[in-house]
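Per-chain numbering from 1; labels A, B, C and D assigned in written order.
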Amino acid sequence: MKARILITLKTGVLDPQGKAIQKALGSLNFDGIDGVRQGKVIEIDLAETNEVAARKQVSDMCDKLLANTVIENYDIELIPSAA
Amino acid sequence: MKARILITLKTGVLDPQGKAIQKALGSLNFDGIDGVRQGKVIEIDLAETNEVAARKQVSDMCDKLLANTVIENYDIELIPSAA
Amino acid sequence: MKSAILVFPGTNRERDAADAIKLVSGKAPTMVWHQETDIPDVDLIVVPGGFSYGDYLRAGAIAARSPVIADLMKKAKSGITVLGICNGFQILTETGLLPGSLARNTGLDFLCHDVHMKVDNNQTRFSNKYAPGQIIRFPIAHHDGNYFADPDTLKKIEDAGQVVFRYCTPNGDISMQGNPNGSINNIAGLTNSDGNVMGLMPHPENLIDPLLGGTDGRIMFESLIGRAA
Amino acid sequence: MSKLDPGNNSEPEVNAVLGAEHGLAPDEYQKIIDLIERVPTFTELGIFSAMWNEHCSYKSSKKWLKTLPTTGECVILGPGENAGVVDIGDGQVVVFKMESHNHPSYIEPFQGAATGVGGILRDVFTMGARPIATMNALRFGEPGHPKTRHLVAGVVAGIGGYGNCFGVPTVGGEVNFHKRYNGNILVNAFAAGLADADKIFLSEAKGVGLPVVYLGAKTGRDGIHGATMASAEFDESIEEKRPTVQVGDPFTEKCLMEACMELMASGAVIAIQDMGAAGLTCSAVEMGAKGNLGIRLDLDHVPCREDAMTAYEMMLSESQERMLMVLDPAKEEEARGIFEKWGLDFAIVGITTDDLRFRVVRNGIEVADLPIKELGDEAPEYDRPWVAPTPKAPLEAGAIPDVDIADALLTLIGSPDLASRRWVWEQYDHLIQGNTIVRPGSDAAIVRVTGHDKKALAFSSDVTPRYCEADPFEGGKQAVAECWRNLTASGATPLAASDNLNFGNPEKPEIMGQLVRAVEGIGEACRALNFPVVSGNVSLYNETKDEPILPTPTIAGVGLIEDLANTARMAFTAEDEIIVLVGATDSWGTHLGQSIFLREICDLEDGPPPPVDLEQELRTGNLVRGLIHDHLVTAVHDCSDGGLAIALAEMAIASGIGASTNAPADPSQVAAFFGEDQGRYVMTLRLEDRDALWDRCEKAGVGIAEIGKTTASELKLGEAKPISIEDLRDRHEAWFPQFMKS
């Protein structure tokens, strides 16, 4: 099983990278950009094959390490391995 | 329209971050982890409402700025705004 | 004064901190490896600068989950003095011992240069040898020093006088001009609500000798000694 | 599918065509067959191509490198190991080297520059020295070229990203822009470390039947053919020569260094060699050949991070942050413990043998069996044809327009090659380790020797490529002289140098001529100044579509300061002091050929470069050092790019104190203020020391001219209109940040 975790900043939390990208896109003449946010994606190959157990394991990982839940949200997507 | 861009390292490119995360998860006693890769996710709010045009615009952004195509791949997902 | 310095893989300013402490207190600190579960009984625990675990994932994140942290939390809660410098500050926010978090510098670049700071609170064990409102000059060397706290937390911090140092211009203006990294309210260093744990981004340990351009950093260590002598 | 495709597991047939694809000329391929009396296996061909390419074998340059002076009173170990070793007294040595990472940095500037820093740091700590300082000499294309800004941003961030995380101060370097680097940038990285003289570690294996141990990061398919690429010209097919880019992991390198230091202290290390260019191949062959031993590697034990790697791939991988060691078997467990503590891989991958063969086994099958000494010793060595460059005619009398001196100064101080490099070095941690006494932005950086109150080392890196283009011999001399002069201006005694020779395609006689003449110039200057070359690196084929770079022999020098009290800075220290120009002829300045003034103001790159009188250089430098030691001068700055006017402006900007000069009696005001005559220093002194100073100059036979006084806050050059220091500083500081923002 593969887990894809999207980690994004909570609304209201400062995002200097997102802001800088927005500015840079502007100066490259891309327009119509109303906002940019940058986050992380972490992909984990898991031995676990049961979806419920996998989700539980990954959300534990997020709470304990992968996300700083004071400032970040996470979202887990599970992708079963091609059998 | 909102675009979500996943930027990940090409296969074979060393991912020190992923490696460090994998080790850290191991020492937190998570097991059955066969691999970890870290990438970036960038979310952009676009004024553009046409899907084809939006995809073209975002992939231009990726080539010109957002991704380092020497070592990174990107993948674009478009999410129409709730009207 | 007995002191200990925590060392994580990737820590790289532990020698600088040890030199400063030794110079001021005459006693070399004990180096404590991150795998250890007991920190010796000391008056001061320093979490030094560097790139623990390469700052991978988030600056300080992996270090904050090391075995040694449990005892650090325990000792901090019992009132032992804890000083986190640069990466140490980032680690302390990741453990929750200090409020808020440190984001990438607004300009996105790593920055190494001198900054000015105003002493906002000289009634702490870290700053009692500075004059109130004194303008001091410290070097910075960081990539993620942009202090952030949500409005409620920020209000609590400010109301309780937890801010010890603020970035300022050479003449003492607390403005964006004097702010190298975008920190909210120009916060360069702050304590926890009990006042025994402080984190700051600038490097007092690199300004302890006139030969190196000044001694403003030394005063912080002297403040700490004064208390624990 | 290309036969070089690292993903291709079925081995191609080995023949001359495949040899050519590996960069081996037909006669080189034949030489292999003659040597081993059979057709090599695919893996063996890979090994030969790695050992015999330009980067590892120095086949075009060796003949000329041998002519450089490499010994001296202070030299403990010259070229031949990972880095040079120089005595600094008290039982301590400084270990240093400079190395290029040009091609990779052009392809992926961040990672290319980062891994360049990683490589040079490894060279230094492999010898048992803890790194204390790094420098970087960078050349980019013209600022207006569409790629330049991206390359500058990436390279600077990459150097900072690696050095800052590793924890070594980056204290110096160079940045130049010129259109001849549009297609080939240069990234030369220097590192210096400290060690005890009796605790230097070498790569020579000793003892038969001992374990060969692999340490550090895992092996991937990174940079396979990196060394071959560094020996080929860029062309349209560069994309194809781009297998996987190497990514640096400074965190792992920092752990590797700490682990190596612990391991060395434990007494377990018999021989050690880092895996740099052509990784496992070069390191294993070198350890065996130097020790007159054979090596047998069993690749099944090599820690890999990718599946199904072939022997060929493993032997050629340039994955970073790896080491090879021969260990004392009695200490094996202790050694393993240290590496595990630091979270690094530790694997026994081979054994030393007495048969002088280099044997490689994969899946139980021997895939290489080669004579180990011949792999290095029999590498081709060429005496390539060369032609001496034609000397440039002196500038014509009317070539120099009469311009406003003040306006010209304002233009020059904010021009790409003279503007402040603050934007660059503020991204480098230059303070870590708490010993940086003089920060970047001065003549030489000064770093205190840990554990000493007074003792320090000075570092400088220099070369003026436009001089080398006009006359490689004088340019080579000048690079050495300027480095030596910068060290001297800080009060240091220059000890020794490392050279990084960057040139175009040596198969072209005119390029080979540049190399030969530059090396001759460097040799002559090093001999005259007692400044031996103890390490270095050669980077050739820096050309794209037939356009070579400017010849760029970078010189990085190290000087010793016995007492920090006896040093000088370039900042003026007080108003109303006398300003003198020492080392001058009767005139304040004469030479405008190849000057910055000529290029920036007249849009002309012409004439011969300024000649260097080495005997005069030595006399002047020794005098200046004596004056600094005796505290007879209060500020010292060497006169280089941009001449006297720029030197004065830099001293004013550094201090906030102004200067006013007399009107020079010279026939040309422009030459007086902007001439780049060599061997000169601008200094200040107190009024009461005037007689003593003139006396010293006279005794030393060194020319001195009193040129003016320090003043409040303006710079006034002769009759020209005064310029406020604020204006000068603004111009000086503005260019780089503005360029990077635009």
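Some notes on this structure:
The rule is simple: a residue touches a chain if its C-beta (ideal position, glycine included) is under 8 Å from a C-beta of that chain, and two chains touch if they have at least 3 such contacts.
Keep in mind that this is a model prediction, so the values were computed, not measured.
Compared on C-beta pairs in contact, B-C and B-D come out with B-D as the pair having more.
In whole angstrom, the spacing between the mean C-alpha positions of chain B and chain C is 34. Chain centres here are Cα averages; for chain C and chain D they lie 36 Å apart.
Work out the mean CA point of chain A and of chain D, and you get 41 Å between them. Each of the following residues of chain A touches two or more other chains: 40, 64-66. Listed for chain C are residues 53-54, 56-57, 62, 65, each touching two or more other chains.
Residues of chain D found to touch two or more other chains are 249, 251-252, 343. Contacting chain pairs in the structure are A-B, A-C, B-C, B-D, C-D.
In the complex of the two chains, the chain C residues touching chain A come out as 57-58, 61-62, 65, 94, 96, 101, 103-108, 146, 148, 150, 182, 184. Interface residues of chain B, counted against chain D in their complex, comprise 10, 12-16, 19-20, 23, 68, 70-71. Residues 9-10, 12-13, 15-16, 19-20, 35, 50-51, 53-56, 109-113, 139, 141, 143, 203, 205-206, 208-209, 211-212 of chain C are the ones that touch chain D when the two sit in their complex. By the touch rule above, chain B contacts chain C in their complex via residues 16-17, 20-21, 24, 27-28, 38. Every residue of chain D that touches chain C in the complex is listed here, in rising order: 157, 160-161, 164-167, 249-252, 254-255, 341-343, 425-437, 448, 564.
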